[in-house]
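Following are the structures in question.
One chain, chain A, appears in both complexes that follow, with chain B as partner in the first and chain C in the second.
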Partner chain A sequence: MIAAPKPDLVTVNIDGVDIAVPKGTNVIEAAKQLQKDVPHYCYHPKLTVAGNCRMCMVEMGMPAVDPATKAPVIDAATGKQKINWIPRPQIGCGTTVAPGMHIKTSSPMVKDAREGVMEFLLVNHPLDCPICDQAGECKLQEQATGYGRGYSRFIEEKNVKPKRTQLGPRVTLDDERCILCSRCVRFSKEIAKDDVLGFVDRGSYSTLTCHPGKKLENNYSLNTVDICPVGALTSTDFRFKMRVWFLKQTNTIDIESSVGVNAVIWSREGVIYRLTPRRNDEVNDTWMADSGRLLYKQVAAARRLSAVTLHGSASSLDTAISSAAELLKSGSIAVVGSGRASVEEQFLLKKLAGQLGVKASLVARTAQGDKLLISADRNPNVRGALVTGLISALPAAQLTQLAADIDDGKVKTVLTHGEDLAAAGLSAAQLAKVNIIYLGTHADATSAAAKVVLPTLHTFEKAGTFVNQQFRIQKFAAAVPGPQGTSNDLVVLAKLLAALGADATASDVHGLWSTLSASVPALATMLYKNIPETGLLLDSTPWAGLPFVEGESLKYKPAALAVA
Partner chain B sequence: MAVVTVERKPLSFLERTYLPNIAAGLATTFKRMVQPAETLEYPEQRPAIPAGYRGVPTLVYDPNGREKCVSCQLCEFVCPPKAIRITPGEIAHDDANAHVEKRPEEFKIDMLRCIYCGLCQEVCPEEAIWLQNQYSMTGYTREEMVNDKKRLYELGGTLPDAHHKWDKKKAAEEAAAHGGAHH
Partner chain C sequence: MPAPAQTRVIFKHIDEAGYTNDLGCYLRHGGYETLKKSVARPPADLIEEVKKSGLRGRGGAGFPCGVKWSLVDRKSGKPIYLIVNADESEPGTFKDRYIMHQDPHQLIEGTIISCFANNVKQAYIYIRGEMPEGARILEKAIAEARAANFVGPNILGTGYSCEIYVHRGAGAYICGEETGLIESLEGKRANPRIKPPYFPAVLGLYQCPTIVNNVETLCQVKHIADIGGEAYGKTGTPGNTGTRIFCVSGHVQRPGYYEFPAGTITMGQLLNEVCGGPLPGRTFKAVIPGGSSAKVLRFGERYKGKRKVGAEMVDYDWGVEDVPMDFDSLAMIGSMGGSGGVIVMDDSVNMVEALANINAFYQHESCGQCTPCREGSLWMKKISSRMVHGDARKEDAALLKSVADQIPGRTICAFGEACSWPTQSFLIKFKDEFEGYAEAKKSLPADRLALV
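== the complex of A and B ==
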């Protein structure tokens, strides 16, 4: 018997199993909770339901009641209420659960319907899997193994459509592969709010195209490539670069802004090939901006630092560290941290600043937010610096105080962790006046002027955590090893600390977290390994009064707006 | 264990002369001199290669001189000793074979790793990689033992197949461009 449901739950019976799901859930999502796969192409959990691919067919029935008395009709053979099965299959995506609804997801009729849909979808399919970038993650390939015929009964000539249409600067369309599911059309309209895509012509001539005179060039265009269930929309950057089955997936966090979009790095043998979004319903749903995806190119950039230098000539790490320590011991120090560094690095830098008896400053990076997944704060981890206590007030974009101190001769040595001081408002004369110790990944004006250059790792090459605009701590893992000559930031910072006579600290993320959770109140009782992949929300009340620059975005409301 | 002492049998007079054994030995020698040879004078003489022999893997052209490989990398995936390395690339838009879209930019088979299993040939959806009859690969350095794309096509040559799969595709595309054979 079906148990009495909670007020907001609806109990349905799927393949003989009762399950209570929230009101308004559709059959695909309800079946997913029972680990029953209902194949689908056009349905996407974050888009409106279109119901045009007809792949998610299920059999549906409702408990029978007497039309006149409304009394349940009992089946004499089983002693249970009779189920009136609808004689034809229904689409799972467009069917919302109703109390007592019965669903069959794998009956012979359902299988028959799906096989029919598959056969029609494959009628004009070019079957160019060997050259198709989607191969390996293609829904058509996947469903063809379950519902495919294995041979074609279609003896007529297949449709010929354009194979290489540039829809925009980053998206290439192969029209022959398109199954007209309209996910990309709905995404552009509903999420990107840039309604440029649509279908023209009818029947088998139907073609996906851009509105005349427009291009698919918004900063979210590559999401259409992600959600394309077949190989119709492909990324121009990733096109023909590598087959996906060779690529190792590593979870990471987008570094372009404080939204902290969850992402996946796809790499093979130490080379990163692409970045795609990872679903996190609390942060980015399943989306990611195009600009963040291209940041993997920083890793193998030509101006990447890969040699430890001391006064401009090559040196060993330990020699450089001890020289840096000598400079730091001589006093008149300034420490510049980074909002791009991980929580762990900021924690060690705070220890270092504490050992030297100075306060660190940060460099703010702000630009217009796009109200979606790029916030106004273009540093991914300013809040991490607040949490660890590296800074207590929000940073400014220009290091005016430091510049004044250098001019006054109050500062003789600057230790900068990944920040280009020239970009932060220091003149070349000011850079030349002080001894600079530079921990960073890329060559810039600061590294050129630095007395000691210690090459460190890019975010994609190391593990750590970021605290995003919601004060959600999210972890990222190392996808590829760093180039030869670079060292982990944590190792460099720990060595510097040791050279300055501080207590020994762990220089790996896991080892450091026991110290971190003991000394940072907001992170007490947490461990790196215990942070879930979707992140953990921290208590933000200690910083509630700070004038954060972020405006409203997809899953974030600024405190002022939230109150109002 | 008990030790059993066996007395050595004394040799007969004839045996002591060794002559019967010498005669038997010479008989064998002279018999072999006139019999046809059973060994090959390798490397001047080479054995006949049976059908289905699995020698060096190579790449082949189709009868029109188009390289058949589309760099799908299935051989690279299936290769048990990981001897194959492919760098995929796009065919330029002004190329005669632009309709094929994809070809290998570089294709390397490390013959020090290859175990001649033939899985690459079996898995190839384009029938572009074939194991040839050649079995003896030599070189002075490790680099020499890695066959690059140029060498692979030199070894492979042209496959006289009659599928013309991509030619049909091109013909259909051209027909469609001129109003279409379709419908």
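== the complex of A and C ==
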């Protein structure tokens, strides 16, 4: 293995402890490495430094040198080099480490400065925490416990500003709560490349707003809500729905494209309330598209399948499984897998196809990528199908071969895992001509035509892994249980395998992984539980020659471009 | 000791009968001769002359001009810009306006000499939005100078080219802060930049090295180029060379602008002799020596300490009248020379009301970018306005002081100091008046209670 080149390190002293950090690190990040919290509002690790909230002030000093000789000045009392402390506090976000720099993060001067800022931030803040959505995850609340006065000296009238401005279709702004940190302005300009936000008026009357004739309506607008340190920018969808401290957080992966944005599902008592991004510096930094966040609505959609049906009437799962097995044993089979299924499901489906002696096909979903966090491949896990060997070539959008085979009478039974065959190009006549076994979550033309319908789980209801465009395997966990009548895809597939006479196989993710790592070369030596939350890069060389559709995006360069 | 005579160098022709602001008049008075001499010299020589002169910036901070020029990044390969800071907005200051209105070519000559010295190909005069007349005069003067080949391509046949553009601000005090000015010139909101990393000398206008100099400073450069740095340094006192213009306003018999060798005149001489003393029947109460953001001085207080005279440390014991009007002496007694705007208040002034006016100004001019200044300036304004218009409480004095103390040294730019120093100093020096204001107000006539 080639060792990574050592970054240029700079040694600084923070609260008496020496630490070496990469050159260019700022004081907030350096202190973080020592578990020292430097409170801040405007600073965001993925945005440019604005330095305007003044909360992150620290005391800073540099080793003293004689101006003439440049020789270190030694303090007689300690025998060490004297430190020239700057008499006024410096901002941690805008201060880059320098060799020998000394920092105090909690001296009386620092505390005094932060308490002053904290009081100032609150004088014109409405303090409407009891009705504010940010309560519980509000930086003002957090820092007020550490630096707040506990009572107000402000007896004047507070500023009045607009309370519910619709900045766009998904974001509502309460200007009175805004502390003018400009994170949202910088995000729109620097990351979303949609410079629509700005301040009007001046001084404490400064007001965040959209530029005239513009709206905050890009597909990344909800990130401004995430990074808003206070309750000024709120999600119109989530607003007034639920207190955040009641919500359970479950790690998941965005299912809208092969980028594999890391996300968190916020749920309570089996109901999902929102999705937010989860930081992964190798994949999505701290961002996520709005479109991916709203996909949780699929979970409780009206056309959700929740009853096992056999020839259109309700059935028990086991009866339906044996009927499906009968159909499959009768020959002339086609298996359609999905790029939306997990690696584990694809692995079992491959076993099933192998048991039946057929090769599975997949349905491609492609559209224009947005060069940021939605790629051209709108399936989250096509690479998983390659890794597990479910497919060996990239899929097409239309199942033309299958259509021809049906027309020719070569195929009489189709098992499809979550794919709507009508959407993949099969006509109603073709659907009517074959026996369809449908494992899926939502009602569609295929489920309507299917002989056997086996309702399964949405991604947010089950655990598994996806392999993203970088060949990074990332895991997701079950946030909520599926509706009554649904079964885990793995259970259904394992039962089908058993009914077809195959060797018994585990039907849970952890159990399955021992087989998976033993039989899939790319996953050898790995276990589900050992995959870090930020994922693991797989060796992609076996598939290097494939014409993947993805273009460049935030953290991904297509192979050909990477060489250039 | 009688006051020294005025030495008018920069203001030589201001208010002179028959002197007009056109090129012909300027040339008749020896105009652009210094430019002709200067472009024949190596630019480095001119920088050296400015360093030797000890010239300190006349915009307010008094930063040595030669040092400022030497900090400019000349190795980056990027163009160097020069910006003339003509955003004269500090209340009590009105010197640059007269230069631009009555002697614009002096500024243009000084600007081109400074540009030549620093290899600047493009200069901007950023003039305050409230001075449309000044902008028109400058535009005309630049056109005349261009026609006469003092500005523009191939100046005086030397092969050196330099353009000057006039840019009008949109009416904000903060545009006088050099990085706020640069933002504004770039077409953005004038939010001052954080330093580090955005020092104008390295990352200024369009992220290029930039020199920002005050109008008067550049006029001084013209005289340095004319007579040489050493000769220039002989005017004034060591560390405070050249002449200083004082803009005296308020309760004196003869307010106006006066130019003296720096450091040679005391506050008492300036107010009593030059300006004719207080109005009949009144006595001086307080004076702000360097624009409204400078800390106020109270007549009757004494300043004691040691100061350096030559190589020796000597004791001083001054009243307000004894303080020499130079950067260092005023800094020593806890105020500043600033922009030279001397605001005089006599015993008819109520200090609470005076501060309420000052606070209203600074609150209105805070850009709102960083927290302490944004919230602090408005809070102070709300308190002092309430004291004047509504209910004053005894504890407001301590509260005002405490709010002001939370601002300076914690902001992006010097506006934090500018908005808090008046309150801090008023509250230290006139604490009794603030604490007793609730009582004092009862005897005031109703028309005294409206802020201007």
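The definition used in the following text is that the second predicted complex is superposed on the first by the 557 of 564 C-alpha atoms of A that agree within 3 Å, B and C clash if a C-alpha of one lies under 4 Å from a C-alpha of the other, contacts with A are read in each partner's own complex, and residues count from 1 in each chain.
Criterion: a residue touches a chain if its C-beta (ideal position, glycine included) is under 8 Å from a C-beta of that chain, and two chains touch if they have at least 3 such contacts.
Owing to the predicted nature of the structure, the values given are computational and were not obtained by experimental measurement.
Chemist: Given the touch rule stated above, what does A:164 touch, chain B (first), chain C (second), both, or neither?
Modeler: first
Chemist: Kindly classify A:270 by the partners it touches after superposition: chain B alone (first), chain C alone (second), both, or neither?
Modeler: It touches nothing on chain B or chain C.
Chemist: Is A:542 in contact with chain B, with chain C, with both, or with neither (first, second, both, neither)?
Modeler: In the superposition, A:542 touches no partner, neither chain B nor chain C.
Chemist: For A:239, decide between first (touching chain B), second (touching chain C), both and neither.
Modeler: Once the two structures are laid over each other on A, A:239 reaches chain B alone.
Chemist: Once chain A of both complexes is superposed, is A:130 in touch with chain B (first), chain C (second), both, or neither?
Modeler: After superposition on chain A, A:130 lies in contact with chain B alone.
Chemist: On chain A, which partner touches more residues: chain B or chain C?
Modeler: C
Chemist: Which holds for A:45: it touches chain B only (first), chain C only (second), both, or neither?
Modeler: Neither chain B nor chain C is touched by A:45.
Chemist: Figure out whether A:511 sits in contact with chain B (first) or chain C (second), or with both, or with neither.
Modeler: neither
Chemist: Of the residues on chain A, which ones does chain B touch that chain C also touches?
Modeler: Residues 157, 159 of chain A touch both chain B and chain C.
Chemist: Taking the touch rule as given, give the residues of chain C at its contact with chain A in the complex, in rising order.
Modeler: Residues in contact with chain A: 172, 189, 191, 194, 196-197, 363-372, 374-379, 382-383, 386, 399, 402, 406-407, 409-412.
Chemist: Under the touch definition given earlier, write down the residues of chain A that touch chain C in their complex.
Modeler: Touching chain C from chain A are residues 49-55, 57, 87-89, 91, 94-96, 113, 116-117, 119-121, 123-124, 153-154, 156-157, 159, 179-180, 198-199, 201-206.
Chemist: Under the touch definition given earlier, write down the residues of chain B that touch chain A in their complex.
Modeler: Listed in rising order, the residues are 70-74, 76-77, 88-90, 93, 99-102, 125-126, 172-173, 175-176, 180-182.
Chemist: Tell me, which parts of chain A touch chain B in their complex?
Modeler: Touching chain B from chain A are residues 129-131, 135, 157-161, 163-164, 239-243, 245-246.
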